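Some notes on the structure that comes next.
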Amino acid sequence: MSGKLRIGLLGAGRIGKLHGTNIQNFVPEAEVTILADPFLNPDMEAWAASIGIPNCTKNPEDVFASDEVDAVFICSSTDTHADFIIKAAAAGKHIFCEKPIHTDISKINEALAAVKKAGVKLQVGFVRRFDRSHKAVRDVVASGKLGKPFVVKVCSRDPGAPPMEYVKVSGGIFLDMMIHDFDMVRYLSGSEVTEVCSTGAVLVDPRFADYGDVDTAIVTLKFANGAIGVIDNCRQAPYGYDQRVEVLCEKGTVQDNNHLENEAFVSTAETVESAKPTYFFLERYNDAFVSETKAFVAAVLEDAEVPVTGKDGLEPVRIAIAALKSLKEGRPVKLDEIEG
Amino acid sequence: MSGKLRIGLLGAGRIGKLHGTNIQNFVPEAEVTILADPFLNPDMEAWAASIGIPNCTKNPEDVFASDEVDAVFICSSTDTHADFIIKAAAAGKHIFCEKPIHTDISKINEALAAVKKAGVKLQVGFVRRFDRSHKAVRDVVASGKLGKPFVVKVCSRDPGAPPMEYVKVSGGIFLDMMIHDFDMVRYLSGSEVTEVCSTGAVLVDPRFADYGDVDTAIVTLKFANGAIGVIDNCRQAPYGYDQRVEVLCEKGTVQDNNHLENEAFVSTAETVESAKPTYFFLERYNDAFVSETKAFVAAVLEDAEVPVTGKDGLEPVRIAIAALKSLKEGRPVKLDEIEG
Amino acid sequence: MSGKLRIGLLGAGRIGKLHGTNIQNFVPEAEVTILADPFLNPDMEAWAASIGIPNCTKNPEDVFASDEVDAVFICSSTDTHADFIIKAAAAGKHIFCEKPIHTDISKINEALAAVKKAGVKLQVGFVRRFDRSHKAVRDVVASGKLGKPFVVKVCSRDPGAPPMEYVKVSGGIFLDMMIHDFDMVRYLSGSEVTEVCSTGAVLVDPRFADYGDVDTAIVTLKFANGAIGVIDNCRQAPYGYDQRVEVLCEKGTVQDNNHLENEAFVSTAETVESAKPTYFFLERYNDAFVSETKAFVAAVLEDAEVPVTGKDGLEPVRIAIAALKSLKEGRPVKLDEIEG
Amino acid sequence: MSGKLRIGLLGAGRIGKLHGTNIQNFVPEAEVTILADPFLNPDMEAWAASIGIPNCTKNPEDVFASDEVDAVFICSSTDTHADFIIKAAAAGKHIFCEKPIHTDISKINEALAAVKKAGVKLQVGFVRRFDRSHKAVRDVVASGKLGKPFVVKVCSRDPGAPPMEYVKVSGGIFLDMMIHDFDMVRYLSGSEVTEVCSTGAVLVDPRFADYGDVDTAIVTLKFANGAIGVIDNCRQAPYGYDQRVEVLCEKGTVQDNNHLENEAFVSTAETVESAKPTYFFLERYNDAFVSETKAFVAAVLEDAEVPVTGKDGLEPVRIAIAALKSLKEGRPVKLDEIEG
C-alpha cells in the first residue's frame, strides 16, 4: 500500500470521536476520509470538519462501497459490530473493531470466518494492552527473566457507576467491564484461561440487582500453563480509576501502580497528601488509544500481524460468559463448557 | 494485681525465645520467672540466664504449679497448645497462646470452655494485628469514615518454601500459612466470614503435591456484612516477605505497602533500584511481637478485654477447614458446614 | 477577535516545529498561517505541508507584514528574539517569544518598551510553569494554606551535556540552563530574588572550563519576602531528566517527584527495579508546551493578562547575570548591583 | 578483653538514659556497671535499678577510678565532654563521647591529644552514620560503582524549634543542629570540606535573632575531591523529622526518602493521604543508636578501629565555625582559615 491508510469511521459517539481525533492529529500515516453515523447531526459534521474529515454520511454502506477507504474503524453500538465486520470484510476493507465484537459467540465466529475468508486484517480494541505500564509488566513476563508465571492479578475499578439505562443493556459486569481484565490476564500470562469461579455482590447500588447484575465481583482463574489468577472489579472507586496489575513469577514479581494526576505532595502536621489516580479511562488510557491505532495502521501498511487478533476478541467473551455462569450456578466453570 | 506480671514461658524454640527476650527487654511491666521445655538443654539455659530468667525446668507442670507465675506464654508445639491451655486455666493462670490453638475444632472448644470456666484471660498470638501498617488500615475502616467495606484483599507470600519435613506436618497451606490471613480479613472487615471458595496450584515445588498440599492458593470470601474478599498466598516470593492488605469501602480505599529494608534508591542510566521488602516475619513483625505482648500484659494487669480472643483463635481454623474442603471438593463452602 | 487566532511562526528548528505541531494538532482556537525561516529547506516545507501550514517564506518580514497574522511565535535563534519582538510590536502583532528574550539587559528593556508602546501582548516561553506537578506545588504555596514560604528548592539536571559547539555560544550554565530555575523560584515563591551566591565546578567534562563555564552549580538565593532558597544544576544525570521542586513553608512542605517513564516495577531476590524518570524536556514537558500555547491563545482571544510577562522574561536574566558575577568574584551579589 | 565490656555511664539525662537502656537491653556484649550524674535523684536511681545498673553515684571520679569500668559513655552536658575525655583517657578507659566534643577547637585538640597519648579508643556519637538508609546511600557511593561524587545534598529539619533556654546556650544552628549534617557530608562524600558559604534567615521565631542565631540556613560546600554540596536546615518542619540525603555521581544518583510512621494510605474522592515521616530523632534514629553502640563495643572488644574517630569529632566543629563566620561576614570561608 502506498501513501496514507484511508480510513472510514463508523460511528461518531464518544469513542468514535476519540479515534477520529487521534487519527487526524497523531497518526500521520493515516487519514479519515469518511464518517458514517446513522444519527449524523450538525454537531458531528462540525466536529468532522474541524479535524479535516472531508465526507459525512448517515449510511454505513457508503463507507463499505467507497474506493477511498482502505480500512474501517467500527465504533458504532455493540450490536452492529459483527455485521459491520462481515460487510467490511466482504468489501475487502481492513478492520479495527471496538470491543466486544458481539456478546453472542456464534455471531463472533461468523464475523471471524468472514474476516478469514476475505483475508483482511482485524484488530480488536483492547486498548489497555497499549498502556505503557501494563505493557512494561507484560514485557517483563514475556521476556522470561522472571521464570514461569505463578499468579496473575488484576484490580480494575471505575470511579463511579454508569447510568442505569446503560446497566440495563450493558450485558452485565463481566461482559461490559471485566471483559477488559479477561483480555488483560491472557495478555499478561501469555496463556489461555481454562476455568473461572465468580463471587459477586450488590454493594454500590441496589438497582444493579434489578437487572440480575452485580456491581462488585471477584473472579478466580486457572490458566493452561498452570498459573492461577484473580480479578477484582468494582463499579465505584471514588478516588479515581484504579488500574493495577501484577504477575508473580518463579523468580520475582512485576506489578504496576496507578498513574497519578501529578507528582506533587504536601506534608503538614496533620497528614501527607498526594495527587489522586487519573480520573477515568480517557485520562489513563489517552496515550494507549493513540498507540493502538498506530499499531493497527502499521500492521496494515506493513502487512504484519495485528497485535490484538480476532481470537483475542473471542476469548474474553467466552470467559465472561463462563464467569456469569459461575456466578449464577455458584460453582467453578470450565471454559470447555462454553461454546468455542 | 500489684507489681510485675510474672510469666511462665512454655517452650524455648524460636518463637519462645522471641517472646522471652521481648518480655525481658521491652515489657517492664512483666518478667519471666520460669521457663519450661521438655527438651531443655545447656544452650537454652544459657539463653535464659543471659536475659535474667531465674528458673528452668523440663517439666511444664512446674509452671502450672508455681506460685510465682501469674500467666503463661504457650510457645510449645501446636499439638500441646490446647492441653496446656486447659491446665493453665485449671491452675488459674492467664494465658497467651501461640496460634493455632489446635487444628481440631472440638479440641479448641474444649480449651475455650476451660478458659471460660476458670475465668482467666486468653489471648491468641495473631501478631499481624499489631503491625503498625495493617493496624492503620484497620483503624481507618473501623472509624467508619470510608463508609461500608466492599472488598477486603490480602496478599501474603513467604520468601521461600519451608522444609518438606515441616510441610508434612504443617496441616497444609490453609491451616499453617493462610490462617494468619483468615484472621486478618476478620480483623480488617470487622465481620465474620460466611463462605469461601478456593483455587490452588503446585507451582513452587512438586513435592507439595506428595502431601496433598498446594503451594499457591487464592481464596475468595463472603462476609456477613455483605462484603466480599480475596486472599492470595504463595510459598515463594524471592524478593522478601510480601504482606499487603486493602479494604475498598464505599467512599474510598485504604491499603498498605510493604516495609522496605531501607529507603535508599539508586538511579542510573540502566535502572532505578530501591531496597527490597523486609525479609520475613521476624523482620517485618518485630515490633508487632512486642506490641502484642504489651497488650496482653496490660489487659491482665488492668483486667481489661484482651485484643485477640478465644473466638478469634477458633474462627480462622474453621475458615481454614472450609477452604481446604472447598479446594478438595471444587465448590464454594459455607462456614455453616463446618463445626462451630 | 473573532474566529481563530492566526499565527506566524518564526523559526522551524526543534522548538519551532514543536510549537507549530502543537498549535495545529491541539489548539483548535489557533492556526499557523505562515512559517518563516531564513534557512527554509524542502524538509521544513514538507513538514509545514503535513500539518497544514499554507505558506512558507525565508523572509521574516513577510510575517510581520501579513494581514493574516494576529500573533507571532518567535522560535528563532536567541540573538534575533529582541529584534523580532520590536518588529512584531511595531506591526501590532501579539507575541509569544521563546526564552531568553536576550542576554543583554538593555536590549530586553528596549524590546519591552516596544511592546508596551504598541499595547500588544507578550508571553515568554518559561514552559515549566505549565508542568502539572510544578504547577500543583505552586498552587499550594499561592493558596496560602501552608503559610509563608521559608525555603524554596529546585533540583534541575539534564540527562547529558550538550555538544561543545553549543556550550561555546550558550551564555553559560546560568543563562542557558539555570535560567529556567531562576524563573521557577520566582514562580514558586511569588517573590523577587534580592541576592544570589554561586558555587560551581567542572566535573562532567573538562572542556567546560575552556569556555569559562562550569557544568555543575549550586546557587543560594534570598527573596524579598524573607525566604531563602537553593538551586542545584548539573549537565549530566545519566538516569534522565531530574526536575524536582520544593517549598518549605510555615505549616508544612510541598514538593514533587520526577515523572517516570511508566509505573511498573520488578522485585527479585537481587533488587527492586522501577522505571526511570522521563528522558529529557520533550518527554517531561510535552503537555506543558501545549498548555502554555493554549494559555497564550486564550489570553489574546479573551484580552486577558498573559501568565508569563515581559518582566518574567527580564528578571531571570538579571538573576543569571548576578549568579555569574557571584561565581566569578567569589562573593554574594545583590540584584541591586545588576542593571534593572 | 574477656567477657563483657563494662561501661561507666556519665550522665542520666535523655541521651544518657537512651544509651544506658540500649546497652542493657540490646548489647549483650556489654553491661553498664556504674552510673554517675551530679544531679542524681531517686528517679534516676529507680531507672538505673529497673535496667540492672548496680551502682549509682553523684561523683564522676568514681567512674574513672573504678576497676569495674573498661569504657565510659560521656552523655553529660557539652561543656564537660572534653574534660571527661581527658580524665577517662588518663584512667585508661575507652571512650564513647556524645557530640560535639567541645565548641572550642583547642579544647578538642587537647582532648584528642590525651586520647592519643593514652592509646585508648574514642568514638564520637554521630549516630546518623548508623541509620540504615543513610548508610545504604554512603555504601553505594563508597563502592565506587557510580563513579566520582559530583554533588552532595543533605536536607535536615527538626519538627519544631527547641525552647529558647536551649537556643541561648546551644551554640547556634551550625554547632548544634547542622553539625550532624557537616558530619554526614564528610561521611557521604568520603572527602574533606575545603570551603563553605552560608545563607540564613530568621523565619520560624523572631527570638532566634535575639541570640544572634538564625532558624533557617543553607550552606554550600566545596570538597577536596572536587565535589560541591549543599545542606539546608530549618528548625520547624511541622510534618515531622525531615532527613534526606543525596549524592549525585558521575554515573547516577543515590538518595533516600524519609522513614514513615507506617505504610498505609487512604484514597478518597478528595485526596490520597499517607503517613507522615517519623516524628523526631528518637523515632527515626532509634535503631541507629543501638547500632553505634554495638559498633563501639565491637571495636573495643576486637581491638579494631572505631567507625567515628576523634578527627570525625573535630572536623564538623571546624566546618560549623567556618559556616558561622561565613554567615557573619557575608562571604565564602575556606576551612584553612579555621584553626585545625
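Each chain carries a letter (A, B, C and D) given by its place in the written order, and its residues are counted from 1.
We take it that contacts are C-beta pairs under 8 Å (C-beta built on N, C-alpha and C of every residue); 3 or more make two chains touch, one makes a residue touch a chain.
Predicted model, so just to flag it, every value in this text is computed and none were measured.
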### Query
What chains, if any, are shared contacts of chain B and chain C?
A, D
#### Entry: A-D against B-D, pair bridged by the larger set of C-beta contacts
B-D
### Query
Taking each chain's centre as the mean position of its Cα atoms, how many Å separate chain A from chain B?
42
### Task
Compute the distance, rounded to whole Å, between the mean C-alpha positions of chain A and chain D.
57
### Query
So what's the Cα centroid distance for chain B and chain D, whole Å?
39
## Note on the structure
The positions of chain D in contact with two or more other chains are 238-239, 251-253, 267-269, 275
### Query
For chain D, which residues are in contact with chain C within the complex?
148, 150-151, 153, 155, 157, 197, 199-201, 203-204, 216-218, 220-222, 226-230, 232, 234, 236-239, 242, 248, 250-253, 330-332
### Residues on chain B engaged by chain C in the complex (per definition of touch)
238-240, 260, 267-269, 271-277
#### Entry: Footprint of chain B on chain D - complex, ascending
25-26, 28, 50, 52, 132-137, 140, 146, 251-259, 261-269, 275
